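These are the structures in question, set out in turn.
You will see subunit A twice below: alongside subunit B first, and alongside subunit C after that.
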Partner chain A sequence: MYKIEIKTKENFRDARGEYYLYEIISMGFDNVKKVKYCPLYIIKGDISDGEAEIIARQLLIDEITEDYSIKKENEILSPIKVGGAIEVWYKKGVTDTVAQSVQKAVKDLGIDKKIEVNTGHKYYLFGDISDEDLALMAEKLFANTLIQGYEIENHALQRN
Partner chain B sequence: MKKVKALILTTAGTNCDYESQAALQLCGASADRVHINVLLEKKDEILNYDILVFPGGFSYGDDIASGKILANEVKNKMGGVLQKFALSKRPVIGICNGFQVLVKMGLLPSVREFCQTSTLSYNDSGKFECRWVYLKTMKNIDGVSKCLWTRNLPEIISLPVAHGEGKFIVRDKDILDMLKNNEQIAFKYCSKDGSEADYPLNPNGSIEQIAGISNDFGNVFGLMPHPERYVFALQHPARQGYDGKFGWGKIIFQNAVDYVKG
Partner chain C sequence: MKLKTTHCKEIDILNLSDKELLDLSKNNVLSLSLEEMKTIQDYYKNLKRNPTDIEIETIAQTWSEHCKHKTLTGIIDYLEISPQKKIHKQYNNLLKETIFKATMELKKKWCLSVFEDNAGIIDFDDKNAIAFKVETHNHPSALEPYGGSATGIGGVIRDILGVGLGAKPLANTDVFCFGKPNTPPKKVPNGMHHPKRIIGGVVSGVRDYGNRMGIPTVNGSVYFDDGYMANPLVFCGTMGIIPKNKIAKKTRAGDLVLVAGGRTGRDGIHGATFSSVELNKESDVSAVQIGNPIVEKKVLDAMLKARDLNLYRAVTDCGAGGLSSAVGELGENTGVEIDLKKVPLKYDGLRAWEIWISEAQERMVFAVPPKNKEKIIEIFAKENVEAVFIGVFTKDKKLKISYDGDLIADMDMSFLHKGVPKITRRAICEIKNEFEQKTIKMNSSEILKSLKKVLEDLNVCSKEWIIRQYDHEVQGQTIIKPLQGNNIEVSGPGDAAVIFPYTVVKGTKKAIVLSNGLNPEYGKINAYKMAASAIEEAIRNAVCVGGNIEKISLLDNFCWGNTDKEEILGSLIRAAKACYDFSKSFSIPFISGKDSLHNEYSIGQKKYSIPPALLISAMGVIENVSNTLTMPFKKEKNKVFILGLTRNELGGSVFSKINSIKDGVVPNVYPKESKPIMKKIYQAINKSLIESCHDISDGGLAAAVSEMAFSAGIGVKIDIDKVKIKGKMSPAEILFSQSNGRFVVEVDAKNEKKFRSLFKGTVFSQVGLTGGKDVVFESVKNKIKVMENPKKLMSSWQKTLQDI
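Showing the complex of A and B:
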């Protein structure tokens, strides 16, 4: 299993992150100073480390503006110390249409292996933010809780 | 005289193919809408056509990023014949999603290099922008456009845009310098009087207000605005046009048809 996280390169504008920051501030959470948006992909199946790299580099990123990191199963990456983060994933049983497109596109790359794909979203929130506020933002803005679940990381609390 | 033949490439999510077909037919060409799966079974038949169109839409639902999946598919499965088509100096146009496909596969800005050196990223506003914009037609000191598709247009025209990922960005300054030095910038967003403009006149925050570019020969052209949505004056909100009947988009398609006719 490979978890691939896409990041906007530092010298390019993260327009989606800025848009979510605007939405959050207009909801009254003025303790959030910055939002960084990162698409997530989980790829399961019989693919090699090299193939995962090809999928990330040739398909999942825009090589001009984006970069990526790959985490293998059970590998733990140290969290970015930003305040908090929210991951949003589809609930079981909900059709993930983007994942279906990724499966098709992986075959177009010449990697003809049976794989399973899940797509998600990660929002890094910079500022001093409580668990309660993160949950409220997830429920009100980031996740459609009818079809999506969310996980919260509170890096501020981890530091304490 | 042999009729000019255009191929309009479609796939799941293409939605401007009929308008592009109608525009080309209006200009005297025959135009076939061909699905990528059909074309892949007989790739070389593309060389029986004179004009190639990557139309607008949301190919593969804009999944991953707009145009990315179709760009990879076309390049990996028929990149060679596509490059041959473009190097033969036949007109190629990518409109909106088609422009995203052309830059992400790297057919623009250099057909010969055929690698990605620019992109169309998320609008600075973070949202979909759908409205009419003013465009400055870029011409050299003799008043001629390098891009064959944008010849015979007045200095300022208007066309509609409708996109969420239209911000033109280059890999580095060398690419921007190349575009400028080779006169490959075909259209810039501008104000009504042609002066430089920021948002909302530049709807996406493109560098140097770039709305469309061509390759160095001028036969391959990509643009975010939709010329196929303004071939008749009736399509303009104020019913404006030329000759009391047509919209500026018609001239763009007519240029390609006339170029093929010689």
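Showing the complex of A and C:
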């Protein structure tokens, strides 16, 4: 299993992050200073490290504005330790159309192996935010809990 | 052949008591009444066996309100009480006795298919016809706004693909009713999304699906009211073009059943009735439908190719009820045998009945003559569309379903489609007298303040934030667009959209106009006048851009509260009656429609019904695309006329709402006055006697004139004393009354004489001149002079949704 995280490069605009920051502030959370948005992909199947790199670079990112990091199963990727982070994934059984397109595109890349893809979203929230507030933001803004589940990481509190 | 239960369950029904029958219906989310359950029990008593789960589910789907419109086609015992009299009447089929009846009586030769197929079809030219359909997707959009609205538009596009042998979609429309975006979060009921989240999700859902399908979204409207906070309304429409020789479809025994497009999963099983509480992290999320426009686009391209090669005899889309409804519909008059094992699945583990009723998206079902078997698969394969034969149409008028060789359902088509017992409902409507409000006395600065507030009002303000997200240009045929202005810095709200289908119909000069009318505020007071006003507003909007009322057709979409309540069903009947009356008096037929009843939500223990909403959508044919108009004033020193009579009708108006004015008469419709005016506008446009034309509706003539001025970036001076009025009215009442049947038109001085002689016999007057740097409304008689720079008025109109 490979988990691929896409980041907007520092000198480019992260429009989705900006949008969510605006929404969070209008919800009344002025302790959030910045939001960084990162799309996530999980690819399961019999592919090699090199193939995972090819998929990330040639298919999932725009090389000019974006960068990626790949994590293998059980491998811990050093997260951005800045505050809170929320990961959002579809629940089992929900049609994931982007994942279907990725699966097809991987075949078109010439990697003809049986794979399974899931797509998710990660939001890094810069600032000191409580777990309760992160959960509230997740439910009111980032995830529709009817079809999506979420997980919270809170580095702000660990630091304290 | 005996049924086997390896792949299904036998449902014991033969020995159940009334209470147990009802429990069975409730526990299995069948939504069937006791009478219906007993009818099913009797049917199986005759067969001397119990039904299987898939049989019961099939009946529940086929007999659902969504598919059979039981309320509108059932028996209604109606009592109408007005201060003057009581009327008691029984309707045996409300739809047939009102809306449909008007169409039958009007006998328009250019109506080619009405109320029978997936969409209404009218004549376009000698070779082509146009089809239009509007659907609602309310409940799914409340729960998952993005997926709900996306599958709403995806579904109505499939209605157009599934009309006749398939029409090519040319344009989408969308109309929404939402709670207010600035609602304090605490006011939002528990477990519901905030209106702002619903709005964002719904708009992006329609945007992503429509844009990715390559279909322009050209017309719509948005209405905000607290009553839609927990139950938004999402109306999605599609218009398409179809060769006249592809309208008729008929399945024949021996034809093969082909399913093409998306795979089947647990999507949308019992979609309308599930509760979010039942869902937890581990459970499969079966009720939510997610759309995939890329798949649907491929289906569209492939099927139109197959259509033109005459490879199939009938087609329909998989909508509510999934394969069960689609296959049932195509095989109603023949019979059909299906092997469910052959249906391509998204994942393993689906039970047979789930495959049968799944509402997975992007699927179409075809009846294919065996000789075309290979050819049609080849065409779908070329477009990368999965297409699989799953059965054959028979001649025994039976529905037989097998799985892996076992027969699991064996039912009579006639019972399935005609067996549903008619329900009798009671309805009551109490008509109250409406009274004029106390005379409104306002000075000039109060009037200006009201004008700005009217322009800022959520239901009048610019919807640019939404409109600009939609591609309204793709296909390159949108001639009259939703936002109109004389330069890039100014814009105003267009009345209707015009599509010029020159890439499909080579050499044509003809065009298609699309418009809509909706005003739930009137419905809170008077459902009859709401329906009448919505009908006229839709027609007026079409007329403003150059539509010909001799060739306009209408669609109805009823979204009502819980019609089990007598007074709510009563208001629905009043609205349906208005549809008959005004369809007849304007001589404009309804060609299709849809209803969504039971729009009810709870806050705590209390249940609330939504404010009733009747959306009227209009589609018309314009003979010459050159003779179309936009609404901004075109130049200075042109004469401004108001056509039609202004009455003291402020009931349900925007002005009354913002100034908390009690009483007021809801605008009525006077076809004898407005119809001749609309006919003459068409003639005037075709003789080039009019430079611009705008409908007077929300916000009255003050708002309409302001919009024409600021979208042109020029001033205008209006003499309030010259407006033709009925009775006595104060300047504020004249400026903000929402009387129907009125238009503001701009006429070049050189055409004035011809214009006046054309309109002779109707009520109209010259009220002012374009030009100057300000928008001015003056009444010397009342010492009123309201003056404002058009840019400032435009910024009032533009800022509301920008700030959110």
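As a convention for this text, the second predicted complex is superposed on the first by the 160 of 160 C-alpha atoms of A that agree within 3 Å, B and C clash if a C-alpha of one lies under 4 Å from a C-alpha of the other, contacts with A are read in each partner's own complex, and residues count from 1 in each chain.
Keep in mind that, in the parts below, a contact is a pair of C-beta atoms (placed from the backbone, for glycine too) under 8 Å apart; a residue touches a chain by one contact, two chains touch by 3 or more.
None of the values given here were measured: they were computed from a predicted structure.
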Q. For the overlay on subunit A, clash or fit between subunit B and subunit C?
A. clash
Q: Give one of first, second, both or neither to describe whether A:D62 is in contact with subunit B, with subunit C, with both, or with none.
A: first
Q: Report for A:R16: first if it touches subunit B alone, second if subunit C alone, otherwise both or neither.
A: first
Q) By residue count, is subunit A touched more by subunit B or by subunit C? A) B
Q.
Which partner chains sit in contact with A:G149 here, subunit B, subunit C, both or neither? Use first/second/both/neither.
A. second
Q: Kindly classify A:A105 by the partners it touches after superposition: subunit B alone (first), subunit C alone (second), both, or neither?
A: first
Q. Given the touch rule stated above, what does A:K140 touch, subunit B (first), subunit C (second), both, or neither?
A. second
Q) So, does A:T97 touch the first partner subunit B, the second partner subunit C, both, or neither? A) both
Q: Could you name the one stretch of subunit C listed in 96-104, 258-266 or 474-482 that collides with subunit B in the superposition?
A: 474-482
Q | Those residues of subunit A which subunit B touches in one complex and subunit C touches in the other | A | 97, 101
Q | Residues of subunit A that touch subunit C when the two form their complex | A | 27, 91-97, 100-101, 140-141, 144, 146-147, 149
Q.
Help me check something: in the complex, which residues belonging to subunit A touch subunit B?
A. 12-13, 15-16, 18-20, 22, 58-60, 62-65, 97-98, 101-102, 104-105, 108-110
Q | List of subunit C residues in touch with subunit A within their complex | A | 143-147, 185, 193-194, 197, 201, 265-267, 276, 279, 281-286, 288-292, 294, 346-347, 360-361
Q. If you look only at subunit B, which of its residues touch subunit A in the complex?
A. 60-61, 63-65, 68-69, 72-73, 76-77, 104, 116-119, 121-127, 167, 169-171, 205
